[in-house]
């Protein structure tokens, strides 16, 4: 067995993989092996592990996804072309993965070359070991799914944005799951190295063709920002039957700015880890998220921001709206280390429960070893304020509509904080889609 | 001369660090089923208690010591601990019949601790049960309480004289399977207090237990049980000290509170176990399971704790809000200095409808200490309209200490409102100087800041306790600020 | 009669000498203004006088009259300086979360009472005094219940300093850049406050960069501080001259 089911089956998958992959440079294979060995040594976590207290891997393990899938997609689906073309109209920089496999024909090859694009395998064979070791020791890389990706992912891309290069147009990365490949893991790894003063915006979107297309995507997205670099990263997952695990790892140098947003608006089971580390003063990270859940969806955000040096600022706001029997987990950690004086870190988690059976588990955590810091965190869980609801109703608005209005307002509040306008528009549209589905559902059931 | 100076200095740091020279009866070191049986023999346990111990012991053997708390310490060698130690009764045989028969050495010990037990000197308004190592040495104001129908005695006496009540409630809130230390306590518990407030009675006095660890290499495993019947009220206070020793001593207590319909229990603790010296040598390991259940509708349990001692604290006084409209409160000030480590907080488990809970936690960390708040708020699907508010503030004094906040909010009902807020601040030299330049001396300045930071908790303490708590905190903070 | 006498004062901060032989004499009933460009040592002088631990006096004397005797201020703790009647209104008042203004002010007042052997006052007795002082200074009574300087605007903080001064009733008030960051209305209120507190037997020293506040609190003497020394003294017209011509002309004058 070479599936993601047990420690043994992962080991078998790795052995098979090592034997079949003969064209890969030795040191690349060794590096991958270290990641896999780490997983084998740790074992697969159960809910007794503090990091997995509220999310069980069982549904994923039971599915038994095949770890060594095809390198090239042979999916032919009429909708793929149409979908990609519609994106291209909005963005000129599009990179497409079909079922986890890079599709260069659909992507904007020439434009991508200008931002130092290389495929993962090209980059692995070209860049030296030190370069890759640095990515390997980035924060969050020892997490289960980051390590799985680092061990097994064959598809992906590496970008090098040169010093002071300003990339005007957002790079839109599309991960499309097609109905044909629901038994394999699609693991893609993206690496963004922004040199000093560079600017880039990235949208990474996970979608499925066909409303019941299931599958598992395990993405790893890494950023390293040079001094004064400026980067926006917006992650969207909207594929109701998809298993989704994602690891985002960010390293920030002096004076750099990183803005990120994670929108989970539909997925069977999702676990997204975001790990940020400051390595020099004056950097800033805005780390926001929104999860919208229904049916029996289960979404889990784990964020960890590590202030190792002083004078950096973190602003974090995660919001969630939960309907039906869905369940969400928010686990936000902020470390302020001993030398990180004058740090400012604010973290908030707010959640609306729309149904009796929905469940939220929030764990906002602060660990502070420095004394001269400004730090606070807060969490609020509740339903729509009956007074607000009543107020709208007394102004002639029907209950359902009033509810929708208040929920939308709740969600918009976090989307509207985004600094980047194009990202704001895109995320807003996705949020609107989700609410439109809610209205249709309400209409259908009444 | 140098010795004298040194002694007066240490005295100032921990004034309860003296040791009482008294003839003591020990069990051999180590733990086995034989020892558990020996404890049961010694205490003349009825079969249900013995059975409870044996079951707990066997279960304990299957458990591993928990490691999830944010503390690190050398592993406890459970075979190096004595599980029973009691001052030898001068008259031989039975314990003292009345307070006047207590060994004068013991009376003197408690006098020194500010807890006069003899009938002439006893405190008015507060009934005290004094526990020395493994046994209760006496309880004041017995008659006055008896007149009101209140039972306040050592758990040992309660087991002998009121076995039906003890059997009904022992282990009902903290089952022996609950956790590692609760299982250990259930196997070897020796003494502790028992309180029973009958239906409709408002306890005429504040009840207080004073715990003192004296003997070497001895663990203290007391167990307290408080039952408040329908419509009753009781305020219970607990204080703790221990001599200064280089080795660590284990204190693994269990406290169970049961509040029936419309009953209210207020439980206050000022914990000042010896915390070890500046280098972190010695001190008490304080691994305690405290839990109350609001069994009946409209019942209320509130925990107030001022934690200033122990090398390591692992303690989460909790409330199970089972009765509809029941309320739970947790007010805590935890100060850590030197190399102390505290992982403390609460659990509020909402099961009944319209239940509410309130958590106010204030952590003050100084020097090289670690101060962690860990709290769980759990709203079950059955808990319609549950409300929780938590405020967890940390104050840092110096730049070598650590303050952590780990709230766990688990909500399974959409009508709940759960709010958590946390902030961090510091006492800075600038603030102290500012106040000094307005004529207030350092002590006064620190005291003002402390009051400001802790006022929401202090106001829930009985007055004399609150005065003592402030003094204690000021003493501990001295030398850390500036 | 002489109240404060500073003789040849030298002081350092972080090993760097800021005050380099400053001398100043202040008599009862007088108002002095100390002016100087940025970095001339104005704030250092205030901090040294109040006894801030970061500032080290390397030589010189500061004497202050207590019960008709000149006493060495430099030997006194910050609180004893305050209790003996030296008050510093800070340029940047410190925020003290959790401590209400009323509690703080009573603690300060009682500390002075105790020091002078007078009876301490109860909360009940103190409340009307506070209210009266607020009224005198045209301040909102809400001030009393707020935490000391927490979430105060710049103007409110400065006014709060003057309220403290009204309660403690010092004999020597040292106002450090009290006018900086104040809008005109606040400046008027603060200045009126100071003027109302003036008596024949107390004195005020204004430390300021600009002449503006001197329109409201009129000085008897103006001193120019430069590189840690007073390089020129004069009447109130000196301030106007500085306002008009800046500090450079004095330096040029001196060079000649």
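So that you can tell them apart, the chains are marked A, B and C in the order they are listed, and the count of residues begins at 1 in each.
Operating definition for what follows: contacts are C-beta pairs under 8 Å (C-beta built on N, C-alpha and C of every residue); 3 or more make two chains touch, one makes a residue touch a chain.
In this text, all values refer to a predicted model and were calculated from it rather than measured experimentally.
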Interface ranked first by C-beta contact pairs: A-B
Longest centre-to-centre distance from chain A, chain (CA-based): C
Between chain A and chain B, centroid-to-centroid distance (C-alpha), Å: 45
Rounded Å distance between chain B and chain C, as computed from the means of their C-alpha atoms: 50
Between chain C and chain A, distance of the C-alpha-averaged centres to the nearest whole Å: 57
In chain B, residues with contacts to at least two other chains: 428
In chain C, residues with contacts to at least two other chains: none
Numbers and ranges of chain A residues touching at least 2 other chains: none
Touching residues on chain B, where the partner in the complex is chain A: 68, 381, 394, 396-424, 426, 428
Contact footprint of chain B on chain C as seen in their complex: 50-53, 77-79, 81-83, 88, 90, 93-100, 103-104, 107-108, 111-112, 115, 147, 164, 168
Complex contacts: residues of chain B adjacent to chain C: 425, 428-431, 433-442, 444, 448-449, 451-453, 455
Parts of chain A lying in touch with chain B, wherever the complex brings them together: 50, 54, 338, 341, 351, 353-383
